[in-house]
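Next, two complexes with chain A in common: one pairs it with chain B, the other with chain C.
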Partner chain A sequence: MRKTAKRNPGRQEPTAGTQLGTNLRRASPFLTVFVLLLLWQWVSAREIISHILVPPPAEVYRAFIKAMAAGTLPKHALVTLEEMLYGLLIGLGIGLVIGYAIAKAPLLENILSPVIVGFQSTPIVAYAPLLVIWFGSGLASKVVTTAVIVFFPMLVNTIVGIRSVSPKLRDLLRSLKAGRWQTFRHLEIPSALPVVLAGLKTSATLAVIGAVVGEFVSQGSGLGFLVTSARNLYDTPLVFVAVLTMTAISLTLYGLVAYVEWRFLFWQRRSNR
Partner chain B sequence: MLNPFRWLILVTLTFALPTVAQNETVDERILLTFIPNVQFAPFYVGIEEGYFADVGFTVTLEHLQEPEVLDLVAVGQANYGVVSGEQVILARARGRDVVYVFEWFQQYPVGLVFGGETDLSELKDLQGMTVGIPGRFGASYSGLTTLLGSAGLAESDIDLREIGFNAPEVFCLGVVDAAIVYVNNEPLQIQNLASAGDCGDVDNVDVISVASRVDLVSNGLIVSRARLDEDPDAVERIVNGLTKALQAVIDNPAAAYLASLEYVDGLPADPSLMRELQRSASQQEEFLASKPDREAIARSRLQLAADLAEGFDQASLTQFHVLLNTIDLWDAERLGYSELESWQAMSDTLLTMGFLGEDAGDLGAAFTNRFITGNEA
Partner chain C sequence: MRLSLRELSISFPNPVGDMLPALGPISFDVAEEEFVCVVGPTGCGKSSLIRALAGLLRPTAGSARYGDETIDNPMDRFAIMFQDASLMPWRTVLDNIALPLEIAGLPRDLRYDRVRALLSQLHLEQFERAYPAELSGGMAQRVALGRVIVQQPRVLLLDEPFGALDALTREKLSLELLRLRQRYMQTIVMVTHDISEAVFLADRVIVLSRRPGRLVADIAVDLTRPRAPDLIYEKPFLQLTRRVRAEIEDLGT
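Now for the complex of A and B:
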């Protein structure tokens, strides 16, 4: 028997095949992007779709460099980021508080659910113009639009997370005479965290939609405005730049939450080994 | 050798076939902007009254955003679209080879609306005021830039607020002192709110139209250069159909309103109004049979508005008044004809706004009047 196996008998030595599989899994998102880029280039080169509708990647890259050099892209991206972050903070905060309250008091769920579900099931683009009238055409209406859209996933996941706490563990803490704060801190937060973070992932990606919908309705600045403005000037490569920037922001936020999840849910990693 | 019976069949077929071919129509779609609205009445009348069928087309209508309309026409996914002239200039500067073949709106439809008590006897008094605009794009922004320029002002001289297409609500809430609007529509809505006491301190509204200051090229029918070269006859026939439909709406707005009911959801159509409009439409037909001139027809429209106002409230008539106001923007001696000067004025505005590089390209290639009645080659 080999030495390593002796040292750690419960752990299997990775073979060349499994190592390749792991590497492939890690590289697969980049491969997907690479294949999509190749497909895009191929479609452009053969003019299967007119360049007016789908410009070649090189043209989009040139538009990106130009927008960066002129400061247009960073300026609008920062505006969208600001709206997203304020909207996320407010929407997540309210979602967490109301979600926790509903999880603990089912009567509250009966009272609030018609309003919350009604609001959520109505497409935000339908009432976004009203938000502009109520909150003005500035930052506030976009922050509210974002907060509204990120609120619901957070609310639902908080309710599910808190309600999924094991009754046996609750009984255990009760028998140890744990107070409300101790139960909240040592039981409810750790138990609900995986579900709450899953909600945060969804909310983080939805935040871009909220901010951009707000910008479409009330123009002025932000990536949504950049899309409209570029469309009105028939600058399709710049439209692609703005859309891809939105995608990049979404992916970055998703990645950040995934990192937080990986960092804080270490006990899940251990149990998955 | 053909016997007499066969000769008879041959002769009959020879004369009958072209007749059949003439009666057959080709499916064609026209891309419009905005949403179905009474302002598109010429297209509804063109379909309902057979003006498009008479020239060989079964027309369907689709509504999209202006840039989408233009791009789909440019790449040949649709043959005809209706966009504003400024979009044609911008798109051509970006490699879309489209040609404007019919100027539908003879007057630029944008203007500045403000409360009657606001002192704007001179446009330069706008300095320092808060002005609402849908956004810094499109016809509204071009119109504002032109108005400001005509008064020697710049955007920095006013507090410009982007309010989306919510001018009546935002204006009546007192958020802005004035707003850039479509002169045929929003002023009526604001006036209705003001009359109902729902517009703050505003009792009546005033409008300064862009058209009263500068002649800018406005909305019209476009085709791609490829389509124009490939089948000019079809383009000419569509233009002829549209010209007749537009003239029919100008001549008989009551009939046009009735034709629009099929296409526009929510048009006021209570039975008594319908009866009155049908009566007015028939009466107008009789009047038109006497071959009245353009001024007499314009007076008949004013008389119709006055007659209807006696029997119906303002809310029921708002959309009809929108149609009448819009007709004033269409009516001209030569329907569809566009002037190079109006293209130049629009190009200058776009250059001022920084939307074009240093050159708008060959403006003469952006439009043609060759299909306009009385202007054929």
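Now for the complex of A and C:
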């Protein structure tokens, strides 16, 4: 094994044992979900908890089919998805730009940190109504709540990422007379990418919170609205459907970022040690 | 062209704002194509000296000049190499060595051709597509050496380039450095803490004092070139290393 690795760098043949281990590791998240579903089925079959509080999976499934057929679920899910994506893009963009600026000019951090930390430490649920007053009850206010909530992890991780660039490599690029853009492209982006993508993972899962908070505050449409209206009708299965849809959207986004990470940070996996 | 230091000194501010002298004032010259090793106790400002010559650090007083140009920014055809290989972990060996050419704006085919021509001399042909994490310390340093040579520098600045390697690898790389130098013939200033390495490689060994480092001895190494590994057992070599060692021991502890 050692010898082949040496002769053929970066190309280790997987053995039967590691293959099984890898498969098991890949399957384990799905196993967790499966076990949870079994548990849920078991709890509702024995009626340990009332069906009004926790409906059985089959009932939730029926509610899902009904909401799909009626078009309510796709409609509301798309609304939430749209809010999330715009919010993510805006919050991400602003977080990256301000984060980079702060990393480069520490004075900016002193100037901006009261505002930024203040925003972050105030519960968004508390000032979301204000945002609705300012930005109206339509798409804009939800995009803003999402942007605000995804902004912070992006900001912090961009600052950390850019500041973690190796000073030796900075010296090297200076000695090569690299311009600002070249340093940015060849050194800062790839150095900061792992940390920035970790931030994006957090942001991707927070995005749905931002959108739904906005929808709770100003009613009309979206999965948050679906939850409130179903709750008012004591339609618990539909509440479950809406909530699980949020989970699914969130997980999908997370998975996308994880894929991007896997694709672009291949060099981190290359270590033999 | 001659590399010359004139009353060069470097100080760093401490947290309270006082300037603490780290190096000099120091003056010496390095002739064209001369190989000078600088030795001295830790913290004597050796690295600051290299950084000043590389134009990465402005001297607090005095100056470093190359020909009649004052070095206050990185110079054309100066290349620097550090103690750790400082490779980019996201680039292959090939792309790490090609980095200087890429920064200089050479098209891809041209820079790959030039790097590939160099790879065999560095015994790295089989590793061109490997990533730094897959390399041993010695190999990583070979790649760093390649990244320096590919720039075809006139002046090579080496900051303890083999300091982190084991003795055998260090010896091998030293020989390789001499071989590459014979081929491309550059001026070299190298900082090291290894006395026999300094004597083995250099035309002149400069001994620095404790912090702030000043020149305490400038010893010519009149051993013939090319130098063979067996040299280190011969009398002239041993006499020279003893002389350098004596100078360093005179500094006290």
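Everything that follows uses one rule, which is that the second predicted complex is superposed on the first by the 253 of 273 C-alpha atoms of A that agree within 3 Å, B and C clash if a C-alpha of one lies under 4 Å from a C-alpha of the other, contacts with A are read in each partner's own complex, and residues count from 1 in each chain.
By definition in this document, a contact is a pair of C-beta atoms (placed from the backbone, for glycine too) under 8 Å apart; a residue touches a chain by one contact, two chains touch by 3 or more.
Since the model is a prediction, treat every value here as computed from it, not as a measurement.
Peer 1: Going by the contact rule set out at the top, does A:140 touch chain B (first), chain C (second), both, or neither?
Peer 2: A:140 contacts neither chain B nor chain C.
Peer 1: Quick check for you: in the superposed arrangement, does A:217 touch first (chain B), second (chain C), both or neither?
Peer 2: First partner only.
Peer 1: Is A:53 touching the first partner chain B, the second partner chain C, both, or neither of them?
Peer 2: A:53 contacts chain B only, not chain C.
Peer 1: Which partner, chain B or chain C, touches the larger number of chain A residues?
Peer 2: C
Peer 1: Touch check for A:228: first (chain B), second (chain C), both, or neither?
Peer 2: Once the two structures are laid over each other on A, A:228 reaches chain B alone.
Peer 1: On the A-aligned overlay, A:101 touches which partner chain: chain B = first, chain C = second, or both, or neither?
Peer 2: neither
Peer 1: May I ask you to decide whether A:166 touches chain B, chain C, both, or neither, giving the answer as first, second, both or neither?
Peer 2: After superposing on A, A:166 lies in contact with chain C but is clear of chain B.
Peer 1: Tell me which partner A:129 touches in the superposition: chain B (first), chain C (second), both or neither.
Peer 2: first
Peer 1: Given the complex with chain C, which residues does chain A contribute to the contact?
Peer 2: 7, 9-10, 166, 168-169, 171-178, 182, 186-187, 190, 265, 267-268, 270-273
Peer 1: With touch defined as at the start, can you tell me which chain C residues reach chain A in the complex?
Peer 2: The touching residues are 51, 54-56, 74, 76, 78-80, 82, 84, 86, 88-91, 99-100, 102-104, 126-127, 129-131, 133-135, 151.
Peer 1: Note which residues of chain B are touching chain A in the complex, please.
Peer 2: The touching residues are 65-67, 70-71, 74-75, 87, 90-91, 93-96, 134-138, 161-166, 169-170, 173, 175, 355.
Peer 1: Looking at the complex, which residues from chain A come into contact with chain B?
Peer 2: Listed in rising order, the residues are 50, 52-53, 129, 132-133, 136-137, 217-220, 225, 228-229, 231-235.
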